[in-house]
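Input: structures, listed below.
Next come two complexes built around chain A: one with chain B, the other with chain C.
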Partner chain A sequence: MLKMYLEVIRIRFLMMLAYRVNYYSGIVIYSINIGVYYFLWMSIYGDKPSLQGLTAVQMATYIAVSWMARAFYFNNLDREIAQEIRDGTVAIQLIRPYHYLIVKAFQGLGEGVFRLLLFSVPGMLVVSLVFPLDLPGLSWDWLKFACSLFLGFIINVEVNLLTGVLAFFILNNEGMIWAKRMIVDLLSGLTIPISFFPGWAQAVLSYLPFQAISYLPSMVLVKGLSGDAFWHALSVQAAWCVLLAIPVQLIWLRARKTLIVQGG
Partner chain B sequence: MFHLRLLVEYFKQYMKTRMSYRGDFLVQFISNFFHQGLNLVFILVVFQHTPSLKGWSQAEVIFIYGYFLIPWAIFSSFLNLWSFNDRYIIKGELDRVLTRPVHSLVQVIMETMAPESLIGVLTGGIVMGVAGWHLDLDWTWYDPLLFVVFTLGGVLIYAGIFIALTSISLYTDSKSDIQPIMFNISNYGRYPTNIYHKIIQFTLTWILPFAFVGFYPASYLLDHGEWKIYALLTPVVGAAYLAFGIFCWNRGIKHYRGAGN
Partner chain C sequence: MRSIEARGLTKEFKVYQSRPGLKGAFRDLLNRQYRTIRAVDAIDLTIEQGEMVAYIGENGAGKSTTIKMLTGILQPTAGELKVNGFDPHREREKFVKTIGVVFGQRSQLWWDIAVQESFRLLKQVYQVPDADYKQRLDRMIEVLDIGGLLDQPVRKLSLGQRMRCELVAALIHQPKLLFLDEPTIGLDVLVKENIRRFLREINREFGTTVLLTTHDISDIEALCSRVVMLDQGKVIYDGGLQELRRNWAKGKKVHFELAREVDMSELEARTAGMPLRWERKGERQVVLHLEQPDLAVSDVLAQIVQHVHIVEMQIEEVSTEEIVRKIYQEGMTLA
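Let's look at the complex of A and B:
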């Protein structure tokens, strides 16, 4: 069983590798985005040495890390699922002897691993040459970050699966996919670290899964969270991984029954 | 006149196809609105931590953002060239376009237009209006006129740049990702340009003039005199870039050979 899913990762990885040229432009786009947020935040800091517990250099690092982390966790599973539902190929997927959503998740992982190696790592090198960043040297912080980032990936995949599967009910959910992507970018702390939101908003956001996608992993690396703070972050993420799996499975079971293949 | 009539006909057809998926249309409308809203949230949150952004107050930054939305909305309603490569080159629809007695670019523009994006003009206008009202601006009789001229200039800049980039597809049928890169760069134009590094400021003014689609004209309307000359240059820059874009297009069309059989 596991072997099959590993194969799914491998195939997706190779598929991405075949089109690797497309990813160089990705590095450029991410660097452009890091640039705009870097200058914005630096002019917000002005001569203030630190805001909301982050120094200016930590903030710069946060921006770079969170964008490069996005390269890993980001995928278009929702769009792929919606597409397969719309063109009817999902019917064939359903009769195959595997769990469609798990296969999708592993495809996402293959994509993520590809981008992590060929996009985030070189991208991070480029960015750290251009902007003054403060990354930890060879230390355990990277391992902690990796764990946290992986959980963030799972949560994002679950959010994507949920959005994608909704195409069973709303046949054209393109708008919703767009909206979801924007919500995730804003509320996950990618563009604004959660600690910069007003108190009431932070309270609300702490009950939502989005902060566990980007904010927590980035903080683990940037602030070098350790001890209780680290375990707390990790357990919040783990809890969301489990909690989100429930609606995904429930909606999936319902959705299979309502499948209408348009023109199929 | 002929082109205008053609545009109306295309518009009617377009609305018919869109209205067959009404729900989808509505959702797109809402998500467009929503997107601008989220960008505003960013500005609002950020200004909780600083009184000014390199000399720009919150209301001023919001005003600039509102202004920035307007040329972009007009541009993306009428020049929707994002999938040009797929649709016209790889699927070969350009061959059909070329056999007709209207300029190929005009046809492509009319076939790909998405007038629902014009909602951005309204959003931008509201955002700008509310911010401007807070700022108590001193508008003279010719400011609204200048506003229209600036907006058109901005649209022409976008048009010129993206037409030139689309022309690349006429030479090669392989996909290029320059358009999304350019789109991301254009976002630099929605914040005051003086927050950026000198090199970026120079680039945004003279090479990829995205400072002219948002910041320069808006700063003029905000009565910041420092960039007045740049603001007044907006229509000139727009005309120059559009001319460049059309030049690239015409050359590309001459070179175009079709993607295969």
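Let's look at the complex of A and C:
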């Protein structure tokens, strides 16, 4: 079983290599985003030393870390699933002795690992030379960040699986997928750290899974969360991983029942 | 063990109808109308291990829908179904290990990567031991002659090249039962022949059951002793290919070239009372239609050779293709 999933990851690696153009355009897009957000936030800070508990340097670090983290957790599984269901290629997946959605999740992991190694790590080195950042040296913080980031990845995958399968029941699924992407980027704290939201919004967001995708892992690194704060963040993430698995499986079973494979 | 056992297998599709115009679109929002299509209508089908069965029928008869139910992709609307001893839809993950499937119109290989990478992934998916994998793959590469294609990405393969690779992909785990949905669609004669030979071989050697749908009657003649014919979701014939021919190939045709022009009325007079029909094709060409299978050509000849000088003669059996065309056109009622 494990070998099979490793093979799935390897194949996705090969496919990413086959689509190198996406990789190059990704570098450009991410560089622009980091640059724009950096200068935007620095102008908001002006000469105030800190806002909402984040110093200007921490803010810069937050921007760099959260975008590089996004390169790892972001994927288009939802669009792929909706597409495969619509054009009937899902039939080929259903004659294989595996769980379609788990295999999709591992494809997402393959994609994530690819971008982490070939994009985020070198990107982070470059960015830390260009902008003044405050990253921990060689310390346990990186391992904590890795754990938190991985859980964030799982949550994002689950959200994507849910959207992808749900899109099958809904006519205008392009719109839905696009809206989901916007919501995740905004509510996960990627564009605006959660601590900058009004109090009531923060309260609401703390009950949603999105902050666990990006905000929590980034804070682990930026603020060097430790002790109780760290374990609290990690357990919130773990809880979401488990909770989201339930609707994913339910809606998949339902889709399998009503699934009509078009064509052929 | 039986490969396939189906009782009253049925699949219905709801087809939503959209009303015309903007007003119609709004009404559809509130209350969509649908029609139920019975694509497969209470079919019974029993296939024993090791059989090679052709599943034929006109476009839209319900062949692909049946295959999708038999492979666990679709859930039947009604009926009982056991394939290789499993309920395909409910026990899908265990069940699909025991089958192989080729959809002629759909690729199961990964489009952008080399063929051999797809094979490697399937090896892991089906947990095929290294030694078996190597032995089977080497053998199939040789028989299907795809050695030169392994490092090509699938999107660069021609249809025939791809189809041979698809077969390998479907058989890498040596399933007991192989489904082929239009495997020879669009292939040239040589590739078709190659694929058929290969299928006969695996059937003989491993006792693999094969169920194939096709519109190419020569596939059936080359491979299958049994034919199941479907029409509007119902099985209208299930039996041997030979019986089908015998019941339907009512007689044969004999083409004559005569030394001189002969009146049709003379021929008719000399063979009066026999179940046959004469047809003029040209000045000296006539065609004799024997309308019953037990009427021997020699009996007819005996009546005419002394009076008519025959230059050349050619007996033509009715092709299976013609028989099938006739059944599609006229229905099975005559049989």
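As a working rule, the second predicted complex is superposed on the first by the 258 of 264 C-alpha atoms of A that agree within 3 Å, B and C clash if a C-alpha of one lies under 4 Å from a C-alpha of the other, contacts with A are read in each partner's own complex, and residues count from 1 in each chain.
Convention: a contact is a pair of C-beta atoms (placed from the backbone, for glycine too) under 8 Å apart; a residue touches a chain by one contact, two chains touch by 3 or more.
These numbers were taken from a predicted model, which means no experiment stands behind them.
**Q** When the two structures are laid over each other on chain A, do chain B and chain C clash or fit?
**A** fit
**Q** Any idea whether chain B or chain C touches more of chain A?
**A** After superposition, B is the partner touching more of chain A.
**Q** Is A:98 contacted by the first partner chain B, the second partner chain C, both or neither?
**A** After superposition on chain A, A:98 lies in contact with chain C alone.
**Q** Return, as a multiple of 10 degrees, the angle whose vertex is the Cα centre of chain A and whose sides reach the Cα centres of chain B and chain C.
**A** An angle of 90 degrees, rounded.
**Q** Could you look at A:33 and tell me whether it touches chain B, chain C, both or neither (first, second, both, neither)?
**A** first
**Q** For A:247, decide between first (touching chain B), second (touching chain C), both and neither.
**A** neither
**Q** Now for A:132: first (chain B), second (chain C), both, or neither, which partner does it touch?
**A** Once the two structures are laid over each other on A, A:132 reaches no partner at all.
**Q** Is A:44 contacted by the first partner chain B, the second partner chain C, both or neither?
**A** In the superposition, A:44 contacts chain B only.
**Q** Between chain B and chain C, report the minimum C-alpha distance in the superposition, expressed in whole angstrom.
**A** 7
**Q** Show which residues of chain B lie in contact with chain A when the two form their complex.
**A** Residues 21, 23-24, 27-28, 30-31, 34-35, 38, 41-42, 45-46, 48-50, 53-54, 175, 177-178, 180-181, 184-185, 187-188, 191, 195-197, 200 of chain B touch chain A in their complex.
**Q** In their shared complex, at which residues does chain A touch chain B?
**A** 22, 25-26, 28-29, 32-33, 35-36, 39-40, 42-46, 48, 51-52, 170, 172-176, 178-179, 182-183, 186, 191-192, 196-198, 201
**Q** Mind listing the chain C positions that touch chain A in their complex?
**A** Checking each residue of chain C against chain A gives 13, 64, 68, 71-75, 92-94, 96-97, 99, 101, 103, 105-108, 110, 112-113, 117, 120-121, 124-127, 153, 181.
**Q** Under the touch definition given earlier, write down the residues of chain A that touch chain C in their complex.
**A** Touch residues, chain A against chain C: 3-4, 6-8, 11, 14-15, 18-19, 88-89, 91-92, 94-99, 256-257, 259-261, 263-264.
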